[in-house]
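Take this structure, written in structure tokens, and hold onto it; I'll ask about it next.
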């Protein structure tokens, strides 16, 4: 059993509250243990230059933390004049992951902007953001279908993300912050509901990892995302 | 009766939920009708240069909106490289107001950072931010007193803020967005629990205003802040 | 009598020299005691996006200080990459005030840019800027009327601004810097020649203020702006 | 055989020319086919704040492209006021990878800055940068050992990186640009000379990938980095 | 005779009004025809890093234009987030020129900041700025000598600057804007009162220039700066 | 003989390797002793606003140094959010010089972007950049002529640049860094193959210079650029 009192393959409690933003086409507050992220989907004005006049849609994402989402207050990025490298890396991951389950021609030449704002951070914020962002995207697309803008559903798959790590030689699922800062290896997996791998990011933090630990983490991640698919479905059913 | 169905002197329903951020020394979610603001107080590392070696404390504030707090998505200020003029104006107001009820020498040479992040915007966000920020500040100072850092209470007054306006020649209290955008005059009042005026900001939007309408709005604001003082006390009592 | 040797209701000597910029459509150097501001009105190329194809005009303002307008040299804002919060607050006030006396449809879909650059600062720079900016705007509009561009005068009112404060419990008019830094309350009033209130901004600096002191300052401001209207008229008559 | 005329497991020709910068403590020009990167190691003045007074060293990296390294000229990032998200992502990867083979205490409280500047880009620039950066780092550390600054070698491993991808269902090694833009899956592997995995980054570009294709790419990457270890050794032996 | 009605070797009327800034250690308004520049010298807090603990002083300069100094309004550089290339070029020239007549050790480890702000621009602003900046610097140093801070005069020379050009094959002195925009060659000369050349900058605008025209312009510049030395002396004598 | 072992009128060894960038329309690596600069010419998308619909072309230049081109590593300008004043000054010089030998109407309404990136710096980087940039420009224009885009050659002259200085009272040619930092006077000359002067920039660094030393440096520069014309021709002939 881990320092957190959880089993190696045990996720934290996950809840998803939909519709928390009064203006957004889709929104939710996702909580994974003490990590909380507000996810919003906004129907944008127009697609990026490289998509103009192609008939193809685009999904993009931005990620940020409230200054006091963390133990020590973080300086607002608006004062630095630019998002940090970590922010860029995370929001590029979220956007890339979401686009993997959108059929661009069915979406048509329109853009959906995803905003993921972390309210409380306790590890796994980027994975919670992806899992919640998929909900917001699903809701925004449903609205486009209900109002007749879209005749076909451009969302080809359900998708979720979960973190894994190696601590003391053991592969574990869904790290909270105290585990994350001690892990020898840190990984994030984005998987769709057909079992297709969307993104695997695995970094050695203290010691290199092996093919075996990569395989073990991948197995844990498959189980974890299965759990998340159920929670996503239940949240949308409400 | 107004378009919102409220009486001229009727405020929207206000609720304050304290302790919503796991890491902050003080925090709350304040809701004024559909307007919602997360307020956090963080004990800072050190005071600004002009306060160094003076023995005097400092309180400062930052204000922001989530991109989809509004009807149309707003570009993140971190991408523009700087907060907007409106943001600067509001956060200067919040900081100035809070400092008016803090005894700098009793606080000692330490800084408290206030963060006000608007989740949903429907008019009156700066007033909600001030009213909620006072709660966060109160909680953070209480913590400093409980852990023995402060022997005297530096918070000299309770304080709240409310908007007023003139619509169709009538002075009204606590404008929501649809009223705000039609108002001839737009005003914000910050008042303490001794009835002292902290800040009066009154702008003609469509037609100049008179001494009489200024006096009427001031009277409404005094009534409104009395109501808010009660809600603040109840929130802290929980 | 005050530290400055003036009576409570006595303004500093105000002079306005018109036409000091060789290129601008309207310009003046306004001096209020030792405070000196160059005000320029420039006919702009086009209106902001939200005014395009509306037939309505726009007036906007920018404000800055020369680095050595103050006792200690200030760093140029071009080096910080952005105007300060104080600058934003002031230029938003100037623009809002000027627009209150312009009939947007009569101006037609064109923009007038106002630039207020402080050469010497000794208190009251934003009020001097507004009073001088009105002169520059008046001159620019006169030129548009003289060359036949405008058939109706879009300037509906004359307008001026003055500061007031409470020092030692007394309301006083037109604070210079040494008074400003000691004032318990600091206020700015923008008033038009019909006596209509355009903007009232009143902040407690050291102690909260009362309805009475607000009323006293308002009365002083009405007298002060009457004086300024006469000086403005004389300057234009030359 | 692939469009490039190479076998699936065939790398492009790789050459490493050391010492090309007259001032740097370590430097090389690495060519992988038409991709060319200048890598430099500079002994820095001091460690980042979080490493001060810890006795531990730090290695950090920056990555950039000359404007005309690519088919279409890219705007210089100095004009945008910030590196792009892609740049941040790559330079964070390079720094993280290099730190994985440095024993921080043996390096002592000093920083080594790695600069990777792409002269010509034809796919695989980040992997070439890592492989070349290791050479520059090795040279800079050798100099510190030769001049007696370091008594122990802080470099614990040799390290290299290579890209893989899935094109038409086949896993292939070392993609050039024309292959990269058609790949269904795109991956980068950083591996050390003990076979330890340092970083695995695998993204679906067009279709999700499977455990099998991940395993195939990993096997190709292991073979590719073995080849690179030999080329690195030969370059240093000259 | 030229389009301006002046002889080839005739300068515009130059006036220098000293002491126009109430706070600066030295200041003047220099007018060269319609070109007007406010020059200020401020005693700075400390020298740049490369001069710390050397006992040597430093003089640096900044240059800017009011937005409506020119025929068409210029965007403020504070909004662009940086001074333009032209601004950088000019202020580097002014600083370099002034340092050429300051004995750094006699000044001692203190910095003097020079600010040159163009009020009206009609050609030759950088030369007017240098000539006026020397006056401001002279005044500031005189103040340091009068209050006993300096025992020796660090100002080794008097210095002035003037523009020349080739128009229609003729070398002419002190170009105004209409001449400047037609000139085949454009040059600026900074010369001290011993006849020493401080800076020669000569650019072909339309056709290359010859050794002969360079020599002719240099002769005109020597005559022009002699005139300016007299005007500088008279201004200081008042 | 100088510290460098060269005669006063002796240039360093200059080599020019063309075609080093795979994508650029024209490119070279120019080496002047230890100074090395990569020069690229890119055919741009469109001309600046002031050239639109004029039928006239434009040539512009950018200049940068790799961080470790110098003895001490320089911070990347992309992190400062803007190029330095020195960078602006140099790239403005390069662009101005190149435009002096281009017939804008023959080029037609198209832009050529020149990039000069210093790999190793040992004095004279701006002169090497100009001499190499002319080669890149020549190659790009030749390509436009070969593919039939241009029917007339818009390049009117060959052009090169060289630095001179005064050290110990002697005028010397082509300063390397160690000489440059000791020079009393520092000068750069841009000259075309008809002997026309394009740019003369001469600054006193330690003592003012005389007409005689200016003339001596000019003579050295004429000889130096003659040598460079030969090297340019040979490089293009290969």
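Should a chain be cited, it is by its letter among A, B, C, D, E and F, assigned in written order, with residues numbered from 1 in that chain.
By definition in this document, contacts are C-beta pairs under 8 Å (C-beta built on N, C-alpha and C of every residue); 3 or more make two chains touch, one makes a residue touch a chain.
All of these numbers come straight from a predicted model, not from anything done at the bench.
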If a chain touches chain B and chain C alike, it appears here: none
Recurring contact interface, reference B-C, options D-F, C-E or A-D [over half identical by residue number]: A-D
Separation of mean Cα positions, chain F and chain C [Å, integer]: 50
Euclidean distance of C-alpha centroids - chain E vs chain F, Å: 28
Chain centre separation (chain A, chain B; CA means) in Å: 33
In chain D, residues with contacts to at least two other chains: 81-83
Overall pattern in which the protein chains touch one another (line/ring/star/complete/other): ring
Sequence of chains encountered when the ring is traversed from chain E in the direction of chain F: E, F, D, A, B, C
Interfacial residue positions of chain F with respect to chain D in the complex: 20-24, 27, 34, 38, 40, 42, 44, 62, 64, 66-71, 73, 76-83, 87, 113, 115, 117, 119-120, 122
Complex interface listing, chain E residues touching chain F: 81-86, 88-89, 91-92, 96, 100, 192, 194, 196-204, 207-211, 214-215, 218
